[in-house]
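The same chain A turns up in both complexes below, where it pairs with chain B and then with chain C.
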Partner chain A sequence: MMHRLIKLEFSKLFRRGLTYIGFGAILLIVLIIHAGMYAEGRKLLDLLMKNLSDVFVFQGDLINVYTVSYIILNSLWIHIPILVAIVSGDMLSGEAGRGTFRLLLTRPVSRLGLVTAKYITAQIYTAMLVIFLMLLSLGVGRIFYPTGDMIVLINTINIFGQTDVLWRFLAAFAYGIISMWVVSGLAFLFSGLSSSSLSSVLSTMAVIIVFTIISNFSLGIFEVIKPFLFTTYLNGWMLFFDDPVNWEKVISYAAIMIFHITAFFIATLVIFRKKDITT
Partner chain B sequence: MSVRIFIVLLFFPFAGALAQPDANAIVREILRRNAIVKSFEADVTIDVDVDFIKIPVKQGRVFYKAPDKFRFRAPGFALIPKRGLNFSVMDMLSGPTTAIYAGADEKNHILKIVPLSEKADFVLSTFWVDMKNSRISKMEVNTRGKGNFMVEFTYGNIGYDLPETSRVSFDIQPVDIPMNFTGSFKIDKTKANERSQGVVFIRYSNYKVNGSIPDAVFTEE
Partner chain C sequence: MMQEHQQTVVALRDLSKSFGQINAVDNLSLSVCRGDIYGFLGPNGSGKSTTIRMMLSLIRPDSGEVLLFGERLTDHNRSILRKVGALIERPDFYNYLSAYRNLEILAGYSGVDADKKKIFALLEMVGLYGREHSKVKTFSQGMKQRLGIAQALLHEPELIILDEPVNGLDPQGIRDMRELILRLNREHGKTLIISSHILREMELVANRMVVISKGRVVAEGNVHELIKDSGRTLNLLTNKPEESLQLLKKHFPRSAVYLLPNGELEMEAMHIDAPAISRLIVENGIELHSLSSRNSLEDYFLQVT
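So, the complex of A and B:
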C-alpha cells in the first residue's frame, strides 16, 4: 500500500513544473561555475598561492575536477535549501491550496499513510537533488578538467592526493543528503501548518536565514544558543575535507540531524492528524 | 729571553692567518667536483612540513642537466622547494662572489660567501664544507627580503657529490588569502604578518649520473 502511495506521489510530483526548477537551477549554476573556473580558475589559484611561490615551485595542476567540484559545493550549499523547500513546502499545503485534500482523503488511505508517503517522497526528491548536484559537478567537471590532487582551505591549506578524494566527496554528499533532509523536514512541517505553498516556503527560508545568521555569529550569547540550532550542523559536510576527519563530530552532527528529521516528521503527523480538512 | 717571547707573540696571529685555508680555493674545489656531474636523474621523496599546509609525501623522479635544466615528474601536485636543491646551491657559488674563511668546527670548514653583484638574491651565506671530501654539509642563507633558509645535506656512496638527503628549513609568511571561496581559512590576525618556519625533507635514491636525458623531458607539459 505504502509503495503504491509513494509511486502515486511521485507521479504527481513529476507532473508539476515546480519540481524541475531545482534541477534546472542546479544545472545552470554548475555550468556557469564550471565555465568561470575554466576561464579564470588559474588566476584564482595564483592569487591563493602567491606567498608560497617565493619558497616553492609548483609542479602539477590544482585546477581539476575535484577542486572545482569542491568550489561548486561551497558556493551552492547555501542555495540548495531554497530549492528543497520549494518542493517540500508544497507537499501538503499544495494539496490544501488546490483543494484536493478532501477528495484524496475520501479514498481508503489513512492520514498517517498519506503523510508518511508524502514525507518519504519529499525526502527522496531531496536526495535526488543532491545526487544530481554530485553527478553534475563531478561528471560534467570531468569533461572540462582532468582528475588530480585537490586543494581545500579548512583551518589550513589541505592538499589531498587524488586517490584520497573521491571517498570524501561521496561521504560529503551523503552527509549533504542528511542535512537537506532536515531542511526538507522543516519545509514539510510548515507545509502541514499552512494551506499556502508560498507561506510554507518563505517560513522555512526565514527560519533558515535567522538560524544561519545566529550560527555564524561568534558572540557570547549566540555561542550558547548555537548547539540547539540545526543550521549549525548543516555545513558539516566540510568535516570530510579536514585532515584527519573528526569522526566523533561527524557522527554527533549526523545524529542530531537525524533527530531533527524524525522530530519534524512526528510533529507534522501530530498536526495533520488533528487538522480540520476544509478544502 | 723576553725579546724572543715578544717576537713570538708579535707574529703568532699572523702565523695563524698564514696557516688558514684559502676559502676561494675551497669553493673552487667544490665547483670542480660538482662539474663532474653533467646530468643526473633520481627518485625523489619530498616531505613538506609547514604548519599551515598539509600535503601528502610526494614521490617522483627528478631530472637535471647542466647548467640549469631541471624537471620533477610526479603524479598530481607537488611543492618543490625553490632553494636548497643541489644545482641551485652551485649557481649561488659560481656567481660573482667572494669567499671568506670564517673558522672551522670538528669536521667542517666554515665559509662566508658574499655576493659581489647587486643583483644577487642573497646578502650573505654561510657554508659548512666537509674537510675530508670538500662537500657542502650545511648552508645558511640570508636572502634579499625573502627571509632566511638553511639546508643540511647528507651523502651516500654513489661516488659523486650528490646528496642522499636534503633538509631545507626556511621562513615562510602565512597566506593572506582574500578568500571565502574554497573554504573557511582562519588566520590568526596577530600572526598574519609574522614569518613562520617551514621544513622540506628530500630523499634521493636510484641515481643515474651522466646518462643521456633527452631535452624533451624538460619541455614536456
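So, the complex of A and C:
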C-alpha cells in the first residue's frame, strides 16, 4: 500500500509546474556561475593565487571542474533551502488549501499512511534536487573545464590532488542531501500546521534565517544555544574538505541531522493525526 | 427498495463537537438503514457538515461514537471506508489535472484499479463524457459537482454521502442529479445520505430524514409522516370574505381561520378535507373563486428550526 501511495504522490507532484521551479532555478544559477567562471574565473583565481603559485606546484589547471563545483556548492546552499521548502511546505498545506484532503481522507487511507507517503515523497524530491545540483556541477562542469588540483580555504589552505577530490565531493553532496532533508522536514512540519503553502515556506525560511544568524554569532549566550540548533550542522558538508577528515565530527553531525529529520516527521504525524479537516 | 433490510448502515451515538465556545453538534444520535435515501436537513450553520465530517473521521468528535456497517471507524480501521463514497461540501479537485487523471488518482487512493473503461463509463453517467481530458480548472461549478459524484462512485461503495449535491447546478443539472440519486438507490441498491438546505429536493428524493438545528435533532422519521404531521394550510378566495370567515369559524371551531389583507382566507386545516370546506361554502350561497392547499416540508422546516 505504501508503495502505491508514494507512486500516487509522485504522480501528482510531477504533473505540477511548481515542482520544476527548483530544477529550473538550479539550472539557471549553475549555468550563470559556469558562464561567469568560464569568462572571468582565471583572472579571479590568478589574483587569489598570486603568492601561492610561487610556493606550490599545481598539477593541471586550477580553473577546473572541482574548483567551480566548490564555488557552486558554497553559493547554492543558501538558495536550495528555499527551493526545497517550496515543495515540502506544500505537501500537506497544499491539500488543505485546495480542499482535497476531503477527497483523500474519506478513502481507505490512514492518516499515518498518507503522511508517511508524503514525507517520503518530499524527501525523495529533495534528494533529487541535490543530485541534480551535483550532476550539473560535476557532470556539466566537466564539459567546460578540465580536472585538476583543488584549493580550499577554510581556516587554513588545503590543497587536494585531483585524484583525492571526487570522493570528497560525493560525500559532501551526500551530506548535503541529509542537510536538506532537515530543511524539508521542517517545511513539512509547518505544512501540517497550516493550510497555506506560502505560510509554510515563509515560516521555514524565517526559522532558518534566525537560527543561522544565531549559529554564526560567537557571543556567550549564543554559544550555549548553538549546539541545539540544527542550522549549526547544515554546513557540515565542509568537513569533507578538511585534511584529514574528522570522521567523528561527521558522524555526530549526521546523527544530529537524522535526529531532526525523524523528530520533524513524528511531530507532523502527531499533529496531523489529531487535526480536524475543516477546509 | 425502501427498508427491504433493516440493517443499520450508519449509527451515530451521542455525537458532540465544539469549536471553542460554539457547540456545533450537541449530543446527536441517528441511524440510517440499508436502502434508505436519508435526508439530512438543516439551515446553514446547523451542524450538518460537521456531523458528516465526523461520520467520515475528517473531524474527531469530542464525545460519542460513529458506527459504519456496525464497526467503529478509527485510523486503524479505515477499511470500512471502502464501502463509502462521499462528496463533502464543495467539489475540490487537483485543478491542474484532467478529469480522467483526477479519477485515476483517486481510485488509486481507494485501493482499486480503475481502468479506462470504468472511468469513462462513470464520466458518461454524470454527463461529462467528452470532457475527460479537460483540466478541471476549466470546469464550471456544476461540472465539478458532477465530477464529485463520479469520484464518490469510483470504488462502487454501498453507502454514498452527498453534502449539498445540487449546489451550483442549473435546473437541468438538479433534475439530472435527482434522477441519478433515485437510480443509484433503486437500480443499484445504494444507501444514500443527502444533506441539503433545499427542502423541495428532500421531499422529492428522501424516504427518511432528520432535521437538525443548532447541532441537535429536532425531528426524525419517515418523510411522508413528517409532512403529514407538519400540518396543512388552506387558502380560500370567495366573493364574501367576512361571511365565509364566520361560517368557517362556526363549523370548524378548533381550526384557526384568518382574513388576510388581500381578502383571502387562510385556514389551518390539518384534519379537514378541502372538499368538505368547498361544499360548505357553496351550499351557503357563497361563490368560491379559488381553494388551494399547502402542505410541505418547508413549513415544517421553518417551524422546527
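Here is the rule we go by: the second predicted complex is superposed on the first by the 271 of 279 C-alpha atoms of A that agree within 3 Å, B and C clash if a C-alpha of one lies under 4 Å from a C-alpha of the other, contacts with A are read in each partner's own complex, and residues count from 1 in each chain.
Basically, a residue touches a chain if its C-beta (ideal position, glycine included) is under 8 Å from a C-beta of that chain, and two chains touch if they have at least 3 such contacts.
Bear in mind that the values here come from a model prediction, so they are computed numbers and not experimental data.
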{"item": "Which superposed partner A:Lys12 touches (first chain B, second chain C, both, neither)", "value": "second"}
{"item": "Touched partner set for A:Asp276, first chain B, second chain C, both or neither", "value": "second"}
{"item": "Partner chain in contact with A:Val245 - chain B first, chain C second, else both or neither", "value": "neither"}
{"item": "Partner chain(s) touched by A:Ile151 [first = chain B, second = chain C, both, neither]", "value": "first"}
{"item": "Contacts of A:Val210 with chain B and chain C, given as first, second, both or neither", "value": "neither"}
{"item": "Which of chain B and chain C A:Leu166 touches, first, second, both or neither", "value": "neither"}
{"item": "Sites on chain B touched by chain A in the complex", "value": "51-56, 60, 72, 74-83, 146, 170, 172-179, 181-186, 198"}
{"item": "Residues on chain A engaged by chain C in the complex (per definition of touch)", "value": "1, 4-5, 7-8, 11-12, 15-17, 98-112, 273-274, 276-278"}
{"item": "Sites on chain A touched by chain B in the complex", "value": "44, 47-48, 51-52, 54-62, 67, 70-71, 74-75, 148-149, 151-162, 164, 238, 241, 243"}
{"item": "Complex interface listing, chain C residues touching chain A", "value": "53, 56-60, 75-76, 78-82, 84, 86, 88-90, 92-97, 101, 105-106, 108-111, 151, 155"}
